[in-house]
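Okay, so chain A shows up in both of these, paired with chain B first and chain C after.
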Partner chain A sequence: MATSLRLYLTCIRNTLEAAMCLQNFPCQEVERHNKPEVELKTSPELLLNPVVICRNEAEKCLIETSINSLRISLKVKQADELENILTKKFLRFLSMRAEAFQVLRRKPVQGYDISFLITNYHCEDMHKHKLIDFIVQFMEDIDKEISELKMSVNTRGRLVATEFLKQFV
Partner chain B sequence: MACFQRESPALKEILLKLYNAEKTMEIDHHLYEFGSVEYHIQSSPSDPQYAYLSISTPLLSQGVMLSHGLSHFTIQMVKEICSDVVEIIEPTKEGYQLTLRLDFAKILNSKDSEKVISEISALQAVILSTQLKEMLLSVNTQDTYQGTYKPIKLVYHPREPFFVIRQPKKIMAVFPMRFKDKSDVIIATAFFQELMDVGNSKEWSKAPPCCWSPIPPPELTGEPFEDLSTNGGFVSFDISSRHVDDKRVDKTVWSLLNFHAYVKFHVKSTRGFIQRRMRKRLEGLVQVLPKSSSEEEEEEEEEEETKKVQGRRSRRKLVILPKSKILKRKCGYFSRKIKKIRSRIKIHGFWRFRKRWLKMPKFSSSRGYTKLE
Partner chain C sequence: MAGTGEFVEADNAEAIITRIEHKSRKIESLLKQYKPVEALKTALEGSPPNTRDERCKSANWIVVHRAIMAIKDVDGMFSSLDPEYYDILMKYLYRGLSTGDRPTCDQCLRIHEKLTERAGLGCILRSLADTVNTV
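Moving on, here comes the complex of A and B:
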């Protein structure tokens, strides 16, 4: 793993460990409702300061915390147009199947590629450290998968081009 | 993909079946292939010597000028396919451009049969390539500008024209590429860049050099704007005399004619590949999900219970009790149950009453048995 990536992920991990202190908090405005306050943002006293962790101009992570929920938004690096469409396709594919991941948001926050929403219920059902491990592992896997996809597409293109030119030889 | 082969695989299969049949078969097949090509194959026992093949194919046209029927040069080239076996019939069948009469009896060796049938199956490729050759040969010398000939616009697939520019030492084929989707444009652009890299490498020096550019090449200056507006750029091949010698000219022409279809097929396959890969990766990512703590505790409890049950079973097997003791234990259990049911409501002082009147009779005496006298 590159040094800058390791530092970036370590920073995110430490921030999540500090931010993931969630508790059950019923909605103050509507009786018998329990909503993730980070999504509504109606009560400023229930929200903590959002944190943006930037690896570079293209890659960043936004962590927004509230009393009963936590939202993590990621912007994945996209070096060229091919990586751009591959990232969009892949993350949209995952977002459409968000129910399989439980903590994934169906629509990313504006300006970001993918978002997670973790509530106090998730923290009750799952181990906190494992949730954080999952998020960090997810980030590594996404980068790796996009790179592999790009390489596969270019390799396929090269093979097809070779086969086409063989006909002239 | 079948459309990239010169021979039509379906037509070849039917002709081989006809040739290898011991008796003359009744056949009346209509084949429809990619690119609006239609074949009609007929054979009947009443005319056992011959089979009839008709073809209808979109012809190569020069932009505005639509081609009407086959030229004399094309018919001449078709006759040369296998002059013994193939004979052109006039008039052609209604709805078709060419009708051939095939005489399989004139194929001398069974070894040559496959070769002959392959050549007949490549009829469409022969028609198109001869048309292109004819157009190139008939370029008017007056249509020159600064030493190069005027570009010839050719239309094979509808809305996908391409240009052929004849130059003193080479022929340049320019393909304006258009795609509907933005992601198709990007995948195709990546392919064109690989095509350029491979084509310009030392190992492939014999292949025609190819070039991709987002803007039209200078040779197309003066062409209509609608032909030059693209989103996929322009791919050009420099065809030298080496690629159009007698052995390779048919292959070269066929490859150029199907370049658009080849690229579109590659883009479609790549999209399918990306989709399959994403599905596979999704399964892997979902497995990483952390298990809930309650699920883990349940699993631990289940493991302990299975161990305990196993332990109890093994203890039971070791200790063997006599039947009387087993009966006593069962009775005692039963009587305790009844007592519990009966004594649900607790009343102060009731225990004396219960002790005297609600006692279960003993079925066995502590002294064994009393002898009745």
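Moving on, here comes the complex of A and C:
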């Protein structure tokens, strides 16, 4: 189980290291504009093949690259309804504070839970290997966070139920 | 010009699919003889290069998938696989990873790690950048 997670993260790390070759590229259609090409997808010659890396049926990662930007979308494992709700709320909380993260996208791509958008400006300001470390660390921590949240919800529910039902004993 | 191109395509597609069926029979026999590396080599060579036809690509993918799942010893495989097959293998690995089927993904992730160690990041980048010859 742990090995498959390690392999999955290694694969994503290697793919990101190869794909994160971004350079400044002003917009071809509109002068004086500079847009992340991966978002617009207007010119096919500026885009690389998108790649989907699945760990299993529930978890996958979509990596789309272009000449000046890279978009990573993650789908997090959600085993039951409670995890579904927790994941949605938690990731929405993070996405709304996307300004603070800089590389986070405000809305996830259709079909995924959370998305990152890395542009050439980010690569110029920050170290490439640190950006990749951040993404991989994020993926590891998300699972832990969601399990912790789930456990605390269950514990609290149990405490409340015990207290409530004590009056009927 | 475009018309004749498509005509040639359709003709070729049938020929390619017959060739792929031929290949799959050969691969089955190789797998029965416990030669998974040979099977993989046969599957990878003669991959349809410029076909747009999805059927040819799917047919070839099924064959390659069979060969990939039969491999047990990944390190041993790399010692006997020629470097010229690394790029095409990487493309097929990404196709396998996009399927989402658990055993396929496990096997593809295992091979991907070893292949990256062997072939380096250039192999990954070539499979990402090649928009003309896709699998």
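The rule is short, and it goes like this: the second predicted complex is superposed on the first by the 168 of 169 C-alpha atoms of A that agree within 3 Å, B and C clash if a C-alpha of one lies under 4 Å from a C-alpha of the other, contacts with A are read in each partner's own complex, and residues count from 1 in each chain.
The rule is short, and it goes like this: a residue touches a chain if its C-beta (ideal position, glycine included) is under 8 Å from a C-beta of that chain, and two chains touch if they have at least 3 such contacts.
Keep in mind that this is a model prediction, so the values were computed, not measured.
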Greater residue coverage of chain A in the superposed arrangement, chain B or chain C: B
First, second, both or neither for A:11, with chain B first and chain C second: second
Partner chain in contact with A:141 - chain B first, chain C second, else both or neither: first
Which superposed partner A:21 touches (first chain B, second chain C, both, neither): second
First (chain B), second (chain C), both or neither touched by A:90: first
Which superposed partner A:66 touches (first chain B, second chain C, both, neither): neither
First (chain B), second (chain C), both or neither touched by A:101: first
Contacts of A:57 with chain B and chain C, given as first, second, both or neither: second
Touching both chain B and chain C, residues of chain A: none
Complex interface listing, chain B residues touching chain A: 182-183, 186-187, 189-191, 193-195, 197-199, 204, 206-208, 243, 248, 251-252, 254-255, 262, 266, 269-270, 273-274, 277-278, 281-282, 284-286, 288-294
Residue ranges of chain A touching chain B (in the complex, touch as defined): 81-82, 84-86, 89-90, 93-94, 97, 100-102, 125-127, 130-131, 133-134, 137-138, 141, 145, 149, 152-154, 156-158, 160-162, 164-169
Touching residues on chain C, where the partner in the complex is chain A: 94, 97-102, 105-106, 109-110, 112-113, 116, 121-122, 124-125, 127-131, 134
Residue ranges of chain A in contact with chain C within the complex: 4, 7-8, 10-11, 14-15, 17-19, 21, 44, 47-49, 51-57, 60, 65
